[in-house]
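Each structure below appears as structure tokens.
Both of the next two complexes hold chain A, though its partner changes from chain B to chain C.
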Partner chain A sequence: MSDNVKINVNGLQIESEPNKLLIEACEDSGIHIPRFCWHKRLDPVGMCRMCLVEVDTPRGKMLVPSCTTEVSDEMVVDTESEIVKKAQEGVLEFLLINHPLDCPICDKAGECPLQDQTMAYGPGESRFVEEKRHFEKPIPISEIILLDRERCILCARCTRFSDEISGDPLIEFIQRGNKTEVNTFPNEPFKSYFSGNTVQICPVGALTSTSYRFKARPWDLKSTRSTCNGCSMGCSIELNSSQNKMLRILGVDNEHTNQGWLCDRGRYNFEYLNSDQRIKAPLKKTESDREETTLQDVYGDLSKIIEDRSNKITFLLGSNLTNEEFTSFNEFSNQLGNNDNSIYLNEDLLFKGFFDENIENAKIEDLNKSDAIIIWAEDLKETLPILYLRVRQAVKNGVKLVVFGHTNSTLADISDVYYSGETVSNNFEIVKDISKLKEIKEHIKDKNVTAILGKASPSQSDKSIEKLFTYLKDNSNLRLLNAFNGGNSFGAFQTLGSVKGNREFSSEISKETTDLLFVVGADPVGKSIFSSNIKNIINEIPTVVALDLFMHETSELADYIVPTSSTLGEKEGTFTNIEFRTSRIDKLIPSPGQALSDWEFISGLSNFCKFEGMSESLTDLNNKSFDSFDLDTKPTFDNLDKPRNLDGIINTSIPKIITTDESIEFSDTFFVGKKLYGDKVTERHSKSISLLGSSQFIEGNETTFEKFKLNSGKCILVQENIEITVSCKINPSLPDGLIFFPKNRRNINKLDFSKNIQILPSHSMEVLNVN
Partner chain B sequence: MKETILLTKHMRENPEDSHFIESYEKSNGYSTAKKTLLGSSPEKVLEEIKASNIRGRGGAGFPTGVKWGFLAENEERYLVINADESEPGTFKDRILLERDPHQLIEGIIITCFAANIKNAFIYIRGEYAKPARRVQSAVEQAYHNGYLGKNIFGSEMDLDLVVHLGAGAYICGEETALLNSLEGRRGEPRLKPPYFPAVKGLYMKPTLVNNVETISSVPWIVENTGEEYNKLGVEGSTGTRIFSLSGHVNLPGNYEIEMGSTFGDFVETLGGGIRSNKKVKAYIPGGASAPWFRGDQLNIKMTIDDVANNNSMLGSGAVVMMDEDTNLVNAAKSIVSFFAHESCGQCTPCREGTTWLEMILDRVASGRGRTSDLELLLDICDNISPGLSWPPKMTTICPLGPSAVSPITSLMKDFREEVESMIPTKVLL
Partner chain C sequence: MSWDEKLIKQAKKIVKLYPQKRSALGPLLHLAQSKDGYISDDSVSVISELVGITEVQVKSVSTFYSMYKQEPTGKYLLSVCKSISCEINNSNSIIDIVKDFTGLNNNETDEEGLFTFEAVECIGACGGAPAIQVNYETVEGLSTENTLNLCEWLKNETPDLVVADELQNQFGGTKSFDWAIADNSGTTGSVPGFQTLNTTKDKK
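Our next item is the complex of A and B:
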């Protein structure tokens, strides 16, 4: 602390770290300086001039922007002098002369920095009698974002976010002076996975999202803090509801995880909660159809099966459950006398990971502190979007980046080394001797390295990743993030200790091994690459119970369907992310109809079966989930609710986790992966984003498409009785002869990738006409 | 008074072909550069420049030798010639570019030798099509003759020179906006601190940014010594300077003179007096950004310090005379309109303030003013340039906003009655 500088602000002596921006140093000491353009996560630009303060300089007192001025020892600052007040009033008047007075119909009103600061620092009345600047009222700049240029105060927060943080600068200032406006390039919409963040950081109502427009006034909103369970990043979120309807999700600035940002899927995939398609009452299959039943009846029927101890029971759990629910299923399964092997996780890409080695589990913030980052995993931008942003941030801060192909091609541009076709085969094997790759050696030898490793494709063999892992372990000071990306999968690993996935399910389970199957929050028939196999298994198992929000390809095969609450806003619990940070999941709105949490269902069923020794409350389950933890790092509800733990509690001792380690035989002409937007049932029922994952395509490089005679831009995928027309997207980073299938896109998810798929060139309309 | 011809010597003696390399060489062109590169040292050149006491001709009048001394050490450093001459009333760089481009190139070679620079750029305003063409072919001729490129004059020195055309924005004359524009970004001034060009300039590398006239003076200084140059003019404003005289004078044009005589003398002798023998009502001593002087202030001396001591600036050397028939509200409006049009739009006070000032002046000029407009104008000015002092303080990023304030404060200080007379006393319903 001795290196701190002392500055005098308004006569008060304050201390600050050297080189800190004046506006931040003041903020830390409780002195608020108004601002519009400055945002702590963006580079300062000093454009709005709202944060002007007076600083004593050798040339006398000077007005300087506190967002671009660094503190220096013995600096004397006045943030409230008459001159400062006049300047602030002046800037606000300038901002207001062209700002429309449509606050009564503006979504931002009530939480608007321009409104608030006008009240606090602005002039009482307007002296502007001229005509205000006019633009066409909101213009859509993408499917989900609208831009009202009249309201814009040109603070450049949105444009800087797109440029600096997300790296897709699709919006820019055009024109100059008084005519300056933010806009997209002609015919290039603001199609970014992170566009919603610009709406959140806009200090006025210029950027709005289709999902929240005109839905509520901020003062009517109820809100709570929770954790996003869309992927295993565990972003901190704020849920907003009004009249028991979820209306908005905001990013919360959690230094350890998302730093305030969210991907658009995490932000906008909530409208399904309010959908009238939700299952509201338990259903039972009849001979021809389904009929509504009661929970008591379901319990009764199931308990009869359970009481017959010769019946074998299996669970297939979605990775979106809370830790407490995983614990609940675990307890229940133990009560049945099952060994742990009866629980499967609805994940395709489970391999054994690197948990039991003597390798430190990396924290996300280690990315910024390491010398180099090594990535070989599924496409981070599509599967762990905020981790992708953290990698970008680290690279911006000078960390070296080494990427192995062929999935993370979006990082190729900013990487120092990108290993493509010559080094990585189409089967995702490193074909060269790793120790002879001098580019990687230079970046890792005896350096601090953070690796993000996971299966890049189902066809990748574990040995191939292990080879890289071993090399890194032997040659660098390695920390590691296991790149599993499915929701709360780390919570499942931690709670269940051993986990098997869809691949094991489809090879181990049949009617011989299972009499009763619980499919919980999972749609493997619709989503898994093993779907056709799993469908057959589910069809032959005598009794299948689906606990779910919606009817979908899997739940419609079930004999009993129990409506459940969504982990997003409808239940309480905890979530554990990729760095084993556990944080709170909170409830804000009631569940529809008779829907109940999965643990409540299990609890009810246990009572019915007269099981003893089961946890009786959520708090019990919460305590039990973290049995082995030290008392003060135990992420109990009590602990997590303490202000210092709001960002979650990290588990630094790596739990012993056993996952599986077999790979799938695949043809080496293609690989499959997830896209951010897909055809998940929740996405289908979220109106604003339901179409974002609708385009169907395959990717390959030009040579590949030429080789397969697919250069017309479209082709037809044929498998048995499925025929899908898709477009051929050129991705120059892919090696020759390798084609990518987005497995979670509609129709493409119907293909069985273990079987032959034919790709036929599509006939264009002209050709058809000629014929 | 008479002109003192240094920079415009070659172009005057060879009006037909002064821009060709053969002609320039006939006038001993490039001999100074050759001598310097083969027989002198960077330190000696810098000494001469310092001894000459030449101050930058772009407007700010910063001592050139000091500026060169500030250039941070780095393997890569750049020289950028600011030829974005756009200040209304200024047209001196134009003749230097158009009629003696080789003098500039020779200056660039010597400057780069002195500052150990291997890459130089000339940023020419987009509207200067003909000057740019001439400079471009001069650069090609210089390359052809081995005066640019590798091993210039057989010495160790390499230098590449690139001519770049702006896209028509006045703000790109501000040196950091110019650098942004040269890099292919929006022409917007950078924040100072930390982006002082001498430390973090073009591509964040140390960069010298000098005006055309300044660098065109370098060959003469090095040839005739800084001491000789220092003898010309007066202390603090040494050497000759090309003034662009315009407005209501009989003989408008560029005049190269030693600094030190009065504006009155300049206008009466070289400028041929005011048209129709009218009186001067007001004049601009140094370009559109400079506060005006009254007609009774013609005895102020044309030096950087004398003008500054009278609360204006000699700026880019553009002298604009306005006679007694001039409607000064219209004159001010025309200047403010220019700045409003040229504001880059980056910071709030300039973007919004200049346009608002323009709107109010437009109202007053067209007879729709209100009595309250006078105080409003001054208060808006005060919000752009607090205290309305000289040199201006600013709430803006760069001095463009405060430049729009100058004509209004001049108007209000010295010609308030004229403004008041344009405000209707009765409101017509």
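Our next item is the complex of A and C:
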């Protein structure tokens, strides 16, 4: 490590790492330099000139932009001199020449860097009397983002973000000089999974999102810090509400996980909380219909079944619950005298994972520190979007990337090695001898390697990942991230002790083994690839209780439906992410109607059944969840609420996952996977993103489509009485003869993938316009 | 792709010249301009595919440089210099004459597609100010009379090709350099080239 340098800022001695940017060094020492274009997570450009400071140079004092100047030893800097003040006034005066003063109707007003800095550093009076530049007021640049070019101050934060960070530069500067504007290419909208971040980092109100526009003033917002439970990245978020309605989610800069970024689904999938379709009171199935009932009645009816000890009770839990709730179900299941194996997790792609004392579990930041990254998992961009950004960041820093096909084709462009059809077969087996693959050996042999391994497709056998894992473990210094992507699945693995998935549920459960089934926050009938099987099972089980937010294909089949709170902003708890970092989930708004947290329901039910020894409060459950962990600082509420632990606490407890070894019979011609946007019930009820996951398509390469004679760009999928017209998207990274089905898209999720699907060319000459 | 095979072949040849594909962007935009006389959105899509960047990035570069035309120009592109040397030498009246004659404002093209007028920054002919370019062929030492003559000649004769030397002899005055373009396709040429005095003698 090289020595720190000492610099003098405004007469104060400060220390900084060498090669740090002056603006950052000052920021770290508590000296704020105003800025618009500079952002900690983006490369500096020095475009706005707001961060000019006076630096002593051999040629005398000079104004330099502190965002592009690196600190050097004995540097003397003045950030508040008369000249600096004059420069700042000048820059602001220039910026305000064309910036409309429509703050009273601007969504940014109140949290606007331009407004704030004009107050703090501006000239105070305007000399500008001419006409300002005019553009058409907000133009939509995508379904969820609007752009007001008049307000834009051309800081290039949004364009740099989309180029450097998310890698989909669909917005750019057009024209130059006085005519410069940010825009998209005609008919090529800013369709990025990460576009919401540009709204958050925009220093003026130029970029706004449809979901928050004109909804509230920032000073009226209530806010709290929480954790996103959309996938297992556990991004830190800030929830904003006004008048008990959730209005906005912002990314919080957590160095270890999301570094301030969020995917658009995480950011905008909250409007369902305010939906009037939420279930508000418990419902009970009658002969013809459903009727409202009371919680007491539900408890009464259920306790009768529970008290008969000969009845067997099974749980199917969604992975979006908090750790405390998983613990609560575990306690309850133990009270029933069940063995460990009565709890199933609503996940299709569970495999044993690579967890034991000898395997070093990677941290997300290890990606940056390793020599190479090996990926073989479900499509990271679609299922763990922020992990995808972290991989991109690592590659940008020079880390080598080796990707095994066929799911992560979006990473093919930036990878050093991409193993496609010749190496990886269509049912996801490595067909060559791994030890003879030159390319991978060169990157991993005796080096620090971080691997992201998971099941790429349900058709992949556990053995094929194990083969790669064993090879990596024997040949490199391996650290590993197990790629399970469903919400709090890592929390479930740890708190439930042992976990099984949908595959096991559909093969083990029947009316012989279960008399009462709890389906909690899960829609396997609508979403699982085992849906038809699970539907039959649920239909034949005598009593089914659904705890959920909405009516959907699974809750509709239930005999009792209990409304529950959403993990997003309606309950407290903890969340454990992919690197076993546990962080806080916080409550901001009340639940609608009689909705209650799942643990409250279980607690009430066990009181009714007079169970003893159950945890009585959330704090008890929280303590119990982490009781057995061998840690100095356990992730309890007390500890997590301490300022130094806001980013979460890493733990090392090793989970256990039980899977059946039998592999699923899958055709070699297709594989299924999730897209970021889908047809989930919460997405359907979030207005601004509800249409983003509406297109139905299949993917394949040109040869494959020719083989099926699908040259028209449209085809019909036929299975028994289902007939779906979908478009054919060409994905050149897929091997010959393999077709991808996005299983979370409407109608496509109705297909039973264990049976034969016919793909026919579309007869209709009329080509529908589907975006 | 809206480019024919021959053009694509030529484009691919250009791309190969550079270690990084996107470095070929400038020459490819010239190629696009030589095809249509301007950079069409179709061409932008083709180029974005050829160099592996997004369409808006191509658009961003092509709109940044004013000599990449965003709209079709007329048969004759009249670029009158408005920079300091020419302005001292009365370029304002030259501009007025061209404007009056064509009835066009800056960056406009007439309905017949004959003339496009633009007042431009320095075209490097300060020694022979005031100067004008017709399809990037420079005429120096203009007088107001000759400017009008030039415009009328273009309108009446409508020559398919304009050549700097000929224009200079006919309408020009004091000359500073020997201007010429190696390839005579004018505004649609792939590179507006300039050669120094006395090097263009063999030109037709």
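In the analysis below, the second predicted complex is superposed on the first by the 747 of 771 C-alpha atoms of A that agree within 3 Å, B and C clash if a C-alpha of one lies under 4 Å from a C-alpha of the other, contacts with A are read in each partner's own complex, and residues count from 1 in each chain.
Criterion: a contact is a pair of C-beta atoms (placed from the backbone, for glycine too) under 8 Å apart; a residue touches a chain by one contact, two chains touch by 3 or more.
What you see is a predicted model, and the numbers here were worked out from it, not measured in a lab.
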item	value
First, second, both or neither for A:V562, with chain B first and chain C second	neither
Partner chain in contact with A:L336 - chain B first, chain C second, else both or neither	neither
Which partner, chain B or chain C, touches more chain A residues	B
First (chain B), second (chain C), both or neither touched by A:R49	first
Which superposed partner A:V519 touches (first chain B, second chain C, both, neither)	neither
Which superposed partner A:P186 touches (first chain B, second chain C, both, neither)	second
Chain B versus chain C as contact partner of A:D168, first or second or both or neither	second
Which superposed partner A:N178 touches (first chain B, second chain C, both, neither)	first
Contacts of A:I386 with chain B and chain C, given as first, second, both or neither	neither
Doubly contacted residues of chain A, that is, touched by chain B and again by chain C	173, 175-176
Chain A residues within the chain B interface of the complex	44-50, 52, 62-63, 65, 68-69, 83, 86-87, 89-91, 93-95, 97-98, 127-128, 130, 153-154, 173, 175-180
Chain A residues touching chain C - in the complex, by the definition given at the top	168-176, 183-186, 188
Partner chain A, residues of chain C touching it in the complex	41, 44, 53-57, 59-60, 63-64
Complex contact set, residues of chain B against chain A	169, 171, 186, 191, 193, 340-349, 351-356, 359-360, 363, 372, 376, 380, 382-384, 386-387, 393-397
